[in-house]
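Just so it is clear, A, B, C and D label the chains in written order, and each chain counts residues from 1 on its own.
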Amino acid sequence: MRLLFLGDLVGRSGRTAVIGQLPGLVEQYRLDFVVVNGENSASGFGITEAILQDVVDAGADVVTTGNHVWDQRDTLVYIERQDRLLRPVNFPSGTPGRGANLFTARNGAQVLVANVMGRVFMESLDDPFAAIDNVVNDCPLGQVADAILIDVHAEATSEKQALGHFLDGRVSVVVGTHTHVPTADHQILPGGTAYQSDAGMCGDYDSVLGMEKDEPVQRFQRKIPGGRFTPALGESTICGLAVETDDRTGLATQVAPLRIGGRLDQVVPHFWS
Amino acid sequence: MRLLFLGDLVGRSGRTAVIGQLPGLVEQYRLDFVVVNGENSASGFGITEAILQDVVDAGADVVTTGNHVWDQRDTLVYIERQDRLLRPVNFPSGTPGRGANLFTARNGAQVLVANVMGRVFMESLDDPFAAIDNVVNDCPLGQVADAILIDVHAEATSEKQALGHFLDGRVSVVVGTHTHVPTADHQILPGGTAYQSDAGMCGDYDSVLGMEKDEPVQRFQRKIPGGRFTPALGESTICGLAVETDDRTGLATQVAPLRIGGRLDQVVPHFWS
Amino acid sequence: MRLLFLGDLVGRSGRTAVIGQLPGLVEQYRLDFVVVNGENSASGFGITEAILQDVVDAGADVVTTGNHVWDQRDTLVYIERQDRLLRPVNFPSGTPGRGANLFTARNGAQVLVANVMGRVFMESLDDPFAAIDNVVNDCPLGQVADAILIDVHAEATSEKQALGHFLDGRVSVVVGTHTHVPTADHQILPGGTAYQSDAGMCGDYDSVLGMEKDEPVQRFQRKIPGGRFTPALGESTICGLAVETDDRTGLATQVAPLRIGGRLDQVVPHFWS
Amino acid sequence: MRLLFLGDLVGRSGRTAVIGQLPGLVEQYRLDFVVVNGENSASGFGITEAILQDVVDAGADVVTTGNHVWDQRDTLVYIERQDRLLRPVNFPSGTPGRGANLFTARNGAQVLVANVMGRVFMESLDDPFAAIDNVVNDCPLGQVADAILIDVHAEATSEKQALGHFLDGRVSVVVGTHTHVPTADHQILPGGTAYQSDAGMCGDYDSVLGMEKDEPVQRFQRKIPGGRFTPALGESTICGLAVETDDRTGLATQVAPLRIGGRLDQVVPHFWS
């Protein structure tokens, strides 16, 4: 089956690009299942229920998040009724919402999606290795799940790669988010899992992490809080990872990046043609 | 002029690839100037004088480093006599070696190369913005220097991007290292500076940061020191950034990644043909 | 009953002081139960089985540790047969040794001791709040345990204080370690738990954390690894916390610091007379 | 001469205690010079010009700060006209205000006060060792300055101790702030400098860092932002360090803590009687 993952959608520019173009991508390329990381979609900070609905209406089967998940405070409430919104699975037990769930794809396949946060240089959450191990053991690939996608929201490439190898052969895709920069290390690991350290953001790449660049550049130099961080308004590059899985094993057979619009080199997966 | 930068060369696999293939690349593509980050070339930790010599003999005009620069202890001594080896410029004053220098390229051009370390999630060195500002002001592009390349050895994409924008229009290239993963965000910034958040390592990409994967994967889970970290032995992907500069202004006219060998997608800059 | 806790014992100087004087303290002041943090007792790094035995022979009922627990590699093996040695309870499940245990005091009372590590500015272990909550719920004060002492090995005063309040009224003592500096905030919290942010080390206070000062002072300035860190050799101050508990409730009735020898102000708990 | 330093004044409770009692302390004990850290005096976050004036009117000759210095945004403006307010000296050059200054004490003596921030587990500012070295070299003890007091606003005891030893014999007092907990390691270092790792806050010690405890205790457990942090309202303990200096050399002859009011053990320096 054909999976697409899109990285952190940042602000109005990212929303416009994804909401505007995702329906066409789903139709043109017959995408079976789409996951979008939405943690920065509301002015760069969190996601509102209205934006979530727009992203889902545009074709996202699941919206994942990360450290910014609670930036919009009513997310703690509405996440309980929004099955398609995931927060990192390794928050403490008792946290509202869920970190993993089984979804039905357009082709009828059962897809397990989990969102997990790294701990290196980040908040001290529960062990991401143990948390994902539980999730995957409860819903094995090729048995309960026809495909499994893990969004690893993490800073350090070491931790992302270690999670990739830890899960290799047990899931279809391990794809990173959070750095807001796409990496060019997409590959199928020896055990059959598609891997990319970071999908990159869907945002304006003439910026700092998708935010207007002047304020962060100033702050790095002056070490004094100045104005507010606001999303950059230039055209977004839609950044994501495309994976083709084997319908029987659930493992990856093809992997390639997607980059459309904005400043970055344009690329559409060759196996989508 | 034609510049090539290669990211962190890791262990024997990385050395074999770079030392074996760089001479051919320099000749075939008529490269004017080559910079290689060598901080992990000696079994993953630092660089010896013999390895430095081998890399220079293979065609590197300059070897940059990073947080691992002093892992081989005699580097503190031999760096004083090795003009082609740079350590981060923002070490405290009095640190052996130098962090920036002017070099003569094969085409006779004067190239300023500087190595600087970020501070986010890293050691607390001197301000990288102020340090590089001084270096560049002392040797302006298009006046003293025909080209300027900055190796930003840093963890956080935010800090790398901010340095890129800070230097945009004043240097030819800002290229990141340290994460050991190539990014796909290479572009020419609005002011004319070529930028890539990370060049990626020259190492085996079936690994954790170029090191054999079992030990780091174990350590993330068990939180107990086990065996030693040793470089992975699989074939390396040579990862780098190619930049074409305008001979008059010193600004970038072309930018593209280079990836040869190993597991990653292969790419040679189209403008090298 | 009368409890004494001694903070991180550093190197030969700390060992000499504690092993030499603890037997006399136990006898003179009729101490019912003694806990010593031993994570730095072997040349500043970890603890050997021989040193553990010496400290136990001197009168320690339990030896706690912290981030340095595995610095002596055979600790992973011998900890399994040494019931009196605790490692932080919030290491991943499957870690050798134990993080909490019930012990019989000289007066026959049952004392629960647990060792837990903070996560702020430290290694990402399991949640210390949840881990200690489990330990204390399994062995309630005044029912299963006559007294409960928690060694919170942590950097940040915020996390230590939060753990203190979290446990207030449910344990006899929450005492911090790891900063190697005694704090003067000992008090009985509103719920009846004795609290001190850090007991301080048993080591030479003309030093940096008990280590000979020249090397660390140099390293802060030069940012270059130099010589090795070795324990300072001056006379140690034995630093600890004395707590008197109510035999019925197990809560604290008295709390005061102990400081004997070396450079710091000398103090013996007034209620020991 | 007789110096008093008071640690981080937190919120209304801390202000009430210090502003109410400092005039009496100055008079009763004939204090020559008083420095107060005021970084948390405005509802826990920064300091307003009105509060600064109140603290100065109560007897503070100098008010130091730390990482919270800019929490009240107009501080960036009014600090330029307020000579008695210091911000950390190792902010980047060009930062408003000053980090060190020479003041005239009640006894006519010239007192140099400097405020410096550590970098371990904190913001990446300029090198605190180099910054303070410059300050002290420009204004040597026993020549230009009759006494020198350094407020080291830092998290790690290692960095504070290293700065103490680095300055030992060249300044009268090195006293730490920021952890909001008084340490019991006050001593005169071998070279004659009075040292204490942290003076402790002037705030309510039934709290987390002086803030009402429920919200931080919840946040540590739940990892979700909840309500706001507000200062605890219980009676403050005034916490500080008293130092007697030799009028000729400027070095310390006596050092002792001061703790008045609130929950902590009460102590007034014996040499004040």
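A few remarks follow.
Criterion: a residue touches a chain if its C-beta (ideal position, glycine included) is under 8 Å from a C-beta of that chain, and two chains touch if they have at least 3 such contacts.
As the structure is a computational prediction, the values presented were derived from the model and not from experiment.
Note on connectivity: the fewest steps through touching chains from subunit A to subunit C is 1.
Counting the residue numbers that touch the partner chain, subunit A and subunit B have more than half of them in common. For this pair, subunit A with subunit B, the centres built from the Cα atoms lie 29 Å apart.
Separating the CA-averaged centres of subunit B and subunit D is a span of 43 Å.
Under the contact definition stated at the top, the residues of subunit D that touch 2 or more other chains are 92, 124, 127, 130, 221. Interface of subunit B with subunit D (complex): residues 92-93, 119-120, 124, 126-127, 130.
If you check the complex, the residues on subunit D that touch subunit C are 121, 127, 129-130, 155-159, 161-163, 165-166, 179-187, 189-190, 197-198, 200, 205-209, 213, 216-217, 220-221, 257, 259, 263-265. Against subunit D, in their complex, subunit A makes its touches with residues 70, 73, 76, 91-92, 94-95, 123-125, 221-225.
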